[in-house]
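What follows is chain A paired twice: with chain B in the first complex and chain C in the second.
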Partner chain A sequence: MKIDKFKLALLPITTVVFGIFLLMLIVYVSQSIPIFKKEGLAIYTTNVWKASETGEEFYGVLAAIYGSVYTSVIAVLIALPLSIGFAVFVVDYAPKKLKEPLIVATDVMAGLPTILYGIWGAFVLVPLLKRFVMEPLYEHFSFIPLFSYPPITGYSYLSAGVLLAIMVTPFASAIIREAYRMVPRVYREGAYALGLTRFEATKVLLGYIKPAILSGFLLAFGRAIGETVAVSLVVGNTFNINPSLFAPGYTISSLIANQFGNAFIYNYMPSALFAAGLALFVIGLVINVAGLIMLRRWSHAKV
Partner chain B sequence: MRRFKDHLFLVYLVASTIFVVLPLFHILFCVFANGLPVLMKGGMNFLTGVLPAPGDGLGGIGPAIVGTLVLTVLATLMGLPIAVLTGIFSAEYPNSLIGRATRTLLLIMMEFPTILVGLFVMNILVIPLGSYSALAGALALAIVMMPYVAVYTEQALKDVPSRYREGAFALGLRRRTVVKILMSMARKGVVTGILIGIAKVAGETAPLLFTAGGSYTVYFQGINRPIGAVPLLIYQLVQQPYQNYHEIAWGASLVLMLIFLAIFLPIRLSLKEVKL
Partner chain C sequence: MNAIETENLKVWYGDKLVIKGVNLEIPEKTVFAIMGPSGCGKSTLLRAFNRLLELNEIARVEGDVKLYGKSVYEMDEVVVRRKIGMVFQIPNPFPHMSIYDNIALGVRYNKIAKNRKEIDKIVEWSLKKAALWEEVKDRLKDKASNLSGGQMQRLCIARALALRPEVLLMDEPTANLDPVSAKKIEELIFELKKELTIVIVTHSPAQAARVSDYVAFLYLGELVEVGKTEEIFEKPKNELTEKYLTGRMG
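Take a look at the complex of A and B:
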């Protein structure tokens, strides 16, 4: 058998990429072991943050996991209707002159350095949301648990969720747009031939690309949950498990960003933060793999 | 009634389009409105000077700009060769087990939370060396950049019409030579990928948090010493309570935004679509 020398030469380099990924996993698992040995699963199931240089330490990152999921769910719930509406508008309705600029604008948004979202979020969006959304809702509807927390600073799950929604919508809509554009013309013509209005026809066609829509949202969720700097500037960074949208909280990534800098003066805090990172690692991996599988299944099906 | 629903639907589409795009213009506007006065007031010194003490005027963000430049160049040097060769591999052997796995891995790494990359590099490089360093920051950025460049390279190679590949093989050329020819045809796509990767990492903050360390009062001191970066500087200044630091943060944001748009817009306008 002839040996493919070219393949043989490239193989080690490709292995480097796998090596890096594997090494990351190994580092996260091995660095988490001390805290698992000390606390067991309590690191994930309790909300305690007792840091002490000499006395007893105890860490539980449940608040951060809760905050990560909560803010990302808010983001996806806002991004869902917006990105579908945007995708349909760009593909079906937008005049030719408007189409290209709109797509370029969302591409710029998807690539914009996240710290710019962060500074805008902290100095512009939070005061706006506090003044025009949180305060009126709190005043009139504070009996509803969602709105029950007094919006003192404005830094909250809601602020983080809205900011994340703004950041991930272009990304989700790009996937949906691409899929929607690919729907064969005959389907649309068939729908019109049946006498459906544009609204009814669009509803039918959107049903056809359901897997792509779902994968867009999984990938958007994965992106939202991993975002760090923009979120940590608006979420309030407080150990808190509160159902209210207006309460400040933590997310896994903002917890790491805030605490890791001075973690090394404590015995177990670095390990606790690595364990939190491991949770993010696993959640992110599962969500993104699921999203990619959905997308692949759809792109195979369309051929 | 059906007519009415149809109209309502159009209203929803237009409204969502406005809601999607409006934040971009608001951000651009705010960064200009807040950053431009700072740049005007600080003048050239804002681009070359060093960070002042709290409450002591504007100073400048020179070390951060140089830091971003150094980090980006170093990251490109580290990440580029591996990324391009990996892209070639997964384009050349798309049906082999390793080729398929590589492609999947690249897509996963593209979506990987960047803060985790930073924490990882801190563990393997900063702790053993005992100090934050430009080297660690660049390594973290290189890991973030790699999947983008690799995926673009792969796509660019796949976009070369297959008859060129077949023709080259029919001439009896070795695979190495064939790939060389295909790469020169796919050059534009590969360069695009590299530029997108550069635009991406030049704006990254999270991977630098625990690797670059930050250094804003002195210029570049060597790759084993802490280094600053514009996004990192903004992040750190926003969290400070001082008025002048907030102003510097806005000025730095404008600089960062202009750098990003200067790289990104020309690429985007020369292409049909990008993957971010």
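Take a look at the complex of A and C:
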């Protein structure tokens, strides 16, 4: 048998990539064990952050899990109409000369270093949201729990959610755009031939790519929940579980980023942060895998 | 009465002239076949009738198409497409929708029925017209993608009929079907011409001979010959037509 040397050379590279992934998972699990032994599941189900060098320590990251999910849900809800609208515009309406530049621009936006979004968010977006969204809503609708928290600083779930929405829209819209562009011409023609208006035909064709849209949003959610630095600049970084959009909070990744520097002074804080990371790991893995499976199943099932 | 007339119809793709000034008269309640070798502009011509060409950014139309004497280019394009139904070369029911919804869709959006009951009636009526009712009446909620190719094509005919069109355009409707399914479609064409005008594009002279009353021979965007089917097949006036019909070109 002839041995393909190139293939042989690639094998260890592949192994290393997957090996690192596996080892990483193992590290997260093993590093989380001390806190699990000490607190059990309370690390995930309570909202306490008692760090002490001498006395009793106790950590519960529920506020961060809550904040991560809350901000990502806000982000996806905002990104949903934006990215569908943008995808349809680029494919159906944008003049030919504008199409490619628009696509390139969104791809660049999707790939920008996130700190750029973070600084802009902290200095521009947050004050704007505070002044033109939060304060008016709080003034008139503070009896609704969603708007009941006084927007003192503006750093809040809403700010983080809106910023994340801006960040994931180019990404989600790229997935939707590609799927929408791939709709076979026969269906496009078929819809119009039935006397549908542009709006009606678009609705039908979006129905055809619904699985791709859904997976686009799962993947966008996965991105949003994993985002760290931009969020930590605008979310407020407060251990808080509040239904109000205007309340400051924490996310898992911003918690880790903020606390890691001095975590090693304490006995259990590193382990608590690893456990928080493990939660993020699991959520991210499940969401991304679900999104990818959905996308793949759809593109294979297509006629 | 002519269902469709074209006046010096020209179509450009970019700066390429693909339909070079076609004058046609299509009498109502007949089957009118447009035949010609592939690439001669048959499908393009058909899409100029229901203004589907407008989906193509680079297509430009000059001249006129009249539906019962009224220019389609002066009508609302949605109305044009409702009055001039179309069936395509590739059966294209929406695969993510049920058999029922594929038909109900156009009916709902064009506000042809007022309520669910009326839609039910139209769905049944059009499926019967398309000779598909008996095969699907117990599985209307099934996805359209579960049908066979021939059934899909009849579903497409049903969904076009549901809008009560005056003209039905068929763009090589049997090109992707097995012979048995193709025969069913041809039989259907025979039935349907009692009530509406059918314009069928085909690259097969044999099919044109079987189904049509009139036939037009299109070659490189130009109308070479047009007339009653039996006359043209018996005694083509043009040499090109004769070549095509005898299989020396195609």
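The rule is simple: the second predicted complex is superposed on the first by the 293 of 303 C-alpha atoms of A that agree within 3 Å, B and C clash if a C-alpha of one lies under 4 Å from a C-alpha of the other, contacts with A are read in each partner's own complex, and residues count from 1 in each chain.
Please note the rule applied: a contact is a pair of C-beta atoms (placed from the backbone, for glycine too) under 8 Å apart; a residue touches a chain by one contact, two chains touch by 3 or more.
This is a predicted model, so every value here is computed, not measured.
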item	value
Partner chain(s) touched by A:Lys96 [first = chain B, second = chain C, both, neither]	second
Residue contacts on chain A - larger count, chain B or chain C	B
Touched partner set for A:Thr197, first chain B, second chain C, both or neither	both
First, second, both or neither for A:Pro150, with chain B first and chain C second	neither
Which superposed partner A:Pro136 touches (first chain B, second chain C, both, neither)	neither
Partner chain in contact with A:Gly40 - chain B first, chain C second, else both or neither	neither
Partner chain(s) touched by A:Gly207 [first = chain B, second = chain C, both, neither]	second
Contacts of A:Tyr187 with chain B and chain C, given as first, second, both or neither	second
Chain A residues contacted in one complex by chain B, in the other by chain C	197, 200
Residue numbers on chain B that touch chain A, as the complex places them	2-3, 5-6, 8-10, 12-17, 19-21, 23-24, 26-27, 30-31, 34, 81-82, 85-86, 88-90, 92-93, 98, 101-102, 104-109, 111-117, 119-120, 122-124, 143, 146, 150, 174-176, 179, 196, 199-200, 202-206, 209-210, 231, 234-235, 238-239, 246, 249-250, 253, 256-257, 260-261, 264-265, 268-269, 273-274, 276
Of chain A, residues touching chain C in the complex	96, 184, 186-197, 200, 204, 207-208, 210, 303
Of chain A, residues touching chain B in the complex	4-7, 10-11, 13-14, 16-18, 20-21, 23-24, 27-28, 31, 81-86, 88-90, 93-94, 102-120, 122-124, 166, 169-171, 173-174, 178, 197-200, 202, 219, 222-223, 225-229, 233, 253, 256-257, 260-261, 273-274, 277, 280-281, 284-285, 288-289, 291-292
Touching residues (chain side chain C, partner chain A) in the complex	50, 52, 55, 57, 78-79, 81-82, 85-86, 88, 90, 92-97, 105-106, 109-110, 145, 156, 159-160, 163
